[in-house]
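A, B, C and D label the chains in the order they appear, each numbered from 1.
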Amino acid sequence: MLGLSKSDIRIFLLVVVLTIFAPFILNPFPEASGLAQFNAGYPDLMQRFVIFGIFAIGFNILFGLTGYLSFGHAAFLGVGSYAAIWMMKLLTMNVIPGIIMSVLIAGIFAVAVGYISLKRTGIYFSILTLAFAQMSFALAYSVLTPITGGETGLQPKISDPRMLDAALASGEAPRANLFGLEMGTSYELALSGWVFTFNVGYYVAAIVMIIALYIAIRIFRSPFGVMLRAVKSNQQRMRYTGLNPKPYTLAAFVISGMYAGLAGGLMVAMDTQVGPERMFWTASGEVVLMTILGGTGTIVGPILGAGLIKYMENILSKINADILYEWFAMLPDSIADILVFVIYPFIGKGWHLTLGIIFMCVVIFLPGGLVEGGQRIGNMFGRKKKTEGEKSSQPAE
Amino acid sequence: MDAILLQILNGLDKGSAYALIALGLTLIFGTLGVVNFAHGALFMVGAFCAVTFQRILNISFQTIDPTKKDFLGNPLKVDTTYIESWLGPNLGSGILDWAVPISILFAIPVMILIGYVMERGLIKHFYRRPHADQILVTFGLAIVLQEIIKFFYGANPIPTPAPEMFAGSFDFGAAVGLAEDTIIYPYWRLVYFLFSMGIIAAVFSFLQFTTFGMVVRAGMADRETVGLLGINIDRRFTIMFAIAAVVAGLAGLMYTPINAPNYHMGMDFLVLSFVVVVVGGMGSLSGAVLAGFLLGILESFASMKEVIAILPGINQIIIYLVAIIILLTRPRGLMGRKGVMED
Amino acid sequence: MSDIKITRRGILKGGTIAGAGLAMPTIFTSSAWAGGHSGFTNAPTGNTVTLGFNVPQSGPYADEGADELRAYQLAVEHLNGEGDGGMLNTFSSKALDGTGILGKKVEYVTGDTQTKSDAARASARSMIEKDGAIMITGGSSSGVAVAVQALCQEAGVIFMAGLTHSNDTTGKDKKANGFRHFFNSYMTGAALAPVLANAYGNDRKAYHLTADYNWGYTTEEAVKNSTEALGWETVAAVRTPLTQTDFSSYIAPVLQSGADVLVLNHYGGNMVNSLTNAVQFGLREKMVNDKNFEIVVPLYSRLMAKGAGANVKGIFGSTNWHWSLAQGFTDASGKKVAPDAASAAFVKSFGEKYGFPPSQAAHTCYVQTILYADACTRAKSFKPSAVGEALEGFRFDGLGNGPTLYRAEDHQCFKDVLVVRGKENPTSEYDLLEVVEITPVDQVIYDASIFGGELGGFNNGA
Amino acid sequence: MSILEIKNVSKRFGGLKALDDVNISVKENTVHAIIGPNGAGKSTLLNVLVGKLIPDEGSVEFDGNSLIGRKPHEINQMGVSRVFQTPEIFGDMTVYENILIPLFAKRDGAFRLHCIEHVEDEKDIVEKAKKMLQDVNMYEKLGMRAASLSRGDKRRLEMAMCLSQEPRLLLLDEPTAGMARADTNNTIDLLREIRETRDITLAIIEHDMHVVFSLAEHVTVMARGTPLVDDKPENIKGHPKVQEAYLGGHKEG
């Protein structure tokens, strides 16, 4: 089906189903309960899950397949974002031109950066990409302020030209839309204690992610994908087999740069603002961590990694001491105090600490990332099926 | 001319900090083949050794001074440190004044312990794992160390001044016969420069002239062969890790009077120190030192207003620009060895 | 299938409706965070109202964020009638009565801006979308303020800016739904220059080091213009990277340039480091042009001054508010200024709760919350347009800065500006600055149009 | 008809003359062995042939086309394959994928952005790969990770990879180095079979005289960067110059 093997199609359909029903799955707790704090089914976070999923899927095409560790991928995300916001300012608030332009511009930028950086391998390559990204960040923050808006970034303004759009009614602000369907529009469904939100922007981004994932799977399973893995495995043998590794790695670099640009464009489409710190090295580091955390070189791993990090950042950081006391309200005060004292350093402003501990635990106990964790659980329940076709790629008989 | 001389001096000082951090990082890279993203955190922990020591010295008791009022209008509580009350105001405040240099004695065992525990407890298990895993685990560790410090000391910078004796600056210009105040340099920065020179010299001579150092150098070149000779290279590498931790820690500790330490100072230095190490060339100690000074001096030049006027923004990107140029002209950095961290 | 209800989070959170059975989805096509029947985003329908406190909890400004959060919690207590009431007792408007806002108990949610505009917007959006926050406030940098303000405009909620000092926030990036109590770069320049001229004379040569981003630019411009108007000369203005930690190479050439004043247009960590470095170089002991070399830090923050330690002694700067107003002081001309009752009330309730005096960030956040609540009460509505109109042109007193105007044209507060100096003999770790002058509001006011930008109309989200 | 013409090739490394005026002609569809003691320049010569090194002077022609200045992958695309001393395979990929790669390289050239088609949809390539694996008796191992194969299997895999490209010239760098006698004999049989069943020229660099004399139709003896003798194997055995070269240098083989 769809030109995919059985195991791939299972994973793919699983992702599709999870994505479609995400508003339900991410909101497991009734609205009024104390655990509602852990609900993640609101538009912004759902959008971020899929957008960073795209970013990580793209990064994995480069890192997972060829083994080239880019430490500057956030630059492409940032460049894509700037391209998209300028399209919105100049042409139209319809997201399509912005997204297309973000992919194109990021691709062109990736050709330039990749062409130079790929002259080196290993850590030398990583530092070259890092250097390009840091230069982009520093310049966008300071001397390029006329183009990038500097520290305060860019947002659509009422006074922007928007040549293709009809003039706004007075009092109306420019909003990102898809042929008139606004990204911010939400449908809500209340079922007894639960409220589920279906957001247009999320579904637009989700469809893009599903397409992006589908393309990524096709790339993974294509002869091109095999060649990229050959780059990682043995470049010497590759050359003596009549293959030129350079264009392969450059192509992978550009494709993954375009994925990053796509993610950047979508970020602008969902939330019309760009700031330069989107290109800072920590943002590049984040996508590396997402990929490794989920499982390098696996198909769904990067999406899981992206989801986990964004969940921590957005949910854990919002829990404060008052909320803890609310949870433990039924306990005697002294016990509640102790519990709060123990838990408090790990939540709210301490969410970084929890993140650090999770990084360490995953890499120590699950060397293959979250995907390996999933496989182990799968095996525990006696399922012989390989959840991830990657490590045991068999020819379909 | 004066201006250029001044910036060279500046660059040497800046470079000595870079070189010191890069030296420790390279020791770990070169000996253990581990990409240690927690190295910046070690630098930070070293700085907080000084802060902690200062805090310990400043443990005090409170007396109430009814003549003054606190912010709520109540009588002011005045803190007097035990040290001052025990040793008298002269000796006591003298010790407090010298808290940063004295804390070296406190920091060395702490850093050795941290280095030892880190290597035995964690890093050891990652020698044969991919670099990506090493990055993830050491980055996680760096975050944890950082957050622990933040939990106890907050996010704000904490002032840790140098001893009174080193306050102010030395007039180089006058010393070499130029006009007064053309080339001035803070005393503590000179101390830092000499201190790092001392550390660098100590590490080099340790590796060069002791049998221990020879084995480690041999191990850096070819780990397996040395292992076959029946030498317990693992134990030596543990010691090397502890040494690298001490170097990083002392670099951070001595840096505290220059910039007040805060919990994320390690991350601020991390990227830069990686750039320095790579520009110097993987696995080359002298390369790391050389690159540290080179980048320090170039950064200083780029910050001159005459240079910025010609190339706006150059001060923002100089380090990275130089890194790119060097890596493109010299494939393995200034003095890198072939095959180290190239795959 | 009996009971078909369209519902918002607020209802369920408030607990008025237990179970609504299977509900039909409703389509809100016209706008983003529309609230259906109530006519504006997140209209509170239960007996509570939720405010969103969006402050930096990680990153370099985490301590400042923590102080803001303390002030917000205090404000919520006071609004709900707990505690001693703080500045509610001194506030000139008596609309608030300690029963929450419009009879609804005030609840709040918190988030971490990380001092990054992306993270700040994500956190603000989650407050609006998930928690049903009706107002967002907080922040510790202008980049974040501008980003979140634009978001609130789009979403149709009110944004009450926290600490943001750039002219842009109520200048070229102003938005109808955004309001700022804090002062700005322009006011700093206007207030500081006369004091500087008074203390250091009119023929000074200034050397500026400026953080290379928007806030730095506006501050540099403001200080430059106001000092030059008083006869100073600007020798050079050098931009320093945001990520710079060691400023030695920028400071070393200052003496050679012939300048006799160094202006550090830096904030936060940059300020601590550049000031520490400058003092290390012994600049303040030097004589240039037969004058004592001086250093100026246009925007002071007490929390950050703490990081610079003894280096701040004797150095001039400006601040939005300082707790020592509560005790009165003697200004530069030797005039005794009486204690300010409002500041005293605030310091007292904050100090008794937390054990140390509030920072200017805490003050502005507290005041913004009170002002918002008061505006709702006076407007008898939570509707952003109604609240906004109640704030526009609002004149008030008794919140620590003396008589203040919320100007309608740009949603900027105009009030006296404090010029402060690092204290020579601090009595405690909080006692670092002394107020030397209260520059009257007439000296710092400017025409609303000079910074461009467009306020646009209020957005209610529906 | 000679397929490979090496004329006046010299190569220096600093002061060391690794190759000194080498002239060798390899005839089509023969087995040509190049032997010599350590340091005779055999490996340098091989590296010149595959494009890893560029000679200081002289020419190398393959089937009438110059190889000088061409990159390794271009030379491979012309029909020259190389087997390494220690097998170079794609260790962390499966045996099956190891065979696919050279097949794709043969068909699609040095680079093709062939990124949407599924590998399994390339019916003819898949078929060829499976047939090749059957030919070398490795079909049942096709799902194994190549790095986990035994050394002998790795060698066979590498050979199969090279042969799947149907090269006209196969360069072998000490194919039996470090092998036990039995394995060596198996390899000899394999090579003989290859030679007999295909249109192919084999150039073997070897230490082991047993291998050389069991296989080679023509032998070049090298010492100190120069060919000493160029003759049929039976004429080599007792050649005084060869004796001298081996006794004067290291006695090996």
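Everything below uses one rule, namely that a residue touches a chain if its C-beta (ideal position, glycine included) is under 8 Å from a C-beta of that chain, and two chains touch if they have at least 3 such contacts.
Bear in mind that the values here come from a model prediction, so they are computed numbers and not experimental data.
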Self-check item: Apart from subunit A, which chains still form joined groups through touching
Solution: B, C | D
Quiz item: In the touch network of chains, how many steps separate subunit A from subunit D on the shortest route?
Solution: 1
Quiz item: subunit B to subunit D: how many Å between their CA centres?
Solution: 53
Quiz prompt | Centroid spacing, where centroids are CA-atom means, of subunit A and subunit C in whole angstrom | solution = 33
Quiz prompt | Separation of subunit B from subunit C, taking each centre as the mean of its C-alpha atoms, in whole Å | solution = 35
Exercise. Compute the distance, rounded to whole Å, between the mean C-alpha positions of subunit C and subunit D.
Key: 75
Exercise. Quick one: which residues in subunit C touch 2 or more of the other chains?
Key: 58, 62, 66, 212, 239, 241, 243
Practice problem: Would you mind listing the residues of subunit A that make contact with two or more other chains? | Solution: 138, 141-143, 352
Self-check item: Complete list of chain pairs which touch one another
Solution: A-B, A-C, A-D, B-C
Exercise. Would you tell me which residues of subunit D are touching subunit A in their complex?
Key: 50, 71-74, 76-77, 81-82, 88-94, 96-97, 100-102, 104-106, 108-122, 126, 130, 142-143, 161, 165
Exercise. Spell out the residues on subunit A that touch subunit D in their complex, using ranges where they run on.
Key: 3-5, 215, 218-219, 221-227, 229-230, 232-234, 236-244, 247-248, 251, 255, 392-396
Self-check item: Touching residues on subunit A, where the partner in the complex is subunit C
Solution: 30-32, 39, 42-45, 48, 138, 141-143, 145, 150-153, 155, 157-159, 170-171, 173, 175, 182-193, 195, 197-198, 267, 271-273, 275, 277-278, 313-314, 317-318, 320, 348-349, 351-352
Quiz item: What part of subunit C is in contact with subunit A in the complex they form?
Solution: 5-9, 12-13, 15, 18-29, 31-33, 57-58, 62, 65-66, 109-112, 116-119, 121-123, 125-126, 129-130, 141-143, 146-147, 150-151, 153-155, 166, 168, 173, 212-215, 217, 239, 241-243, 454, 456-459
Quiz item: Hey, which residues of subunit A end up touching subunit B in the complex?
Solution: 63, 67, 69, 116, 119-124, 127-128, 130-132, 134-135, 138-139, 141-144, 281-282, 285, 288-289, 292-293, 296, 345, 350, 352-353, 355-360, 362-364, 367
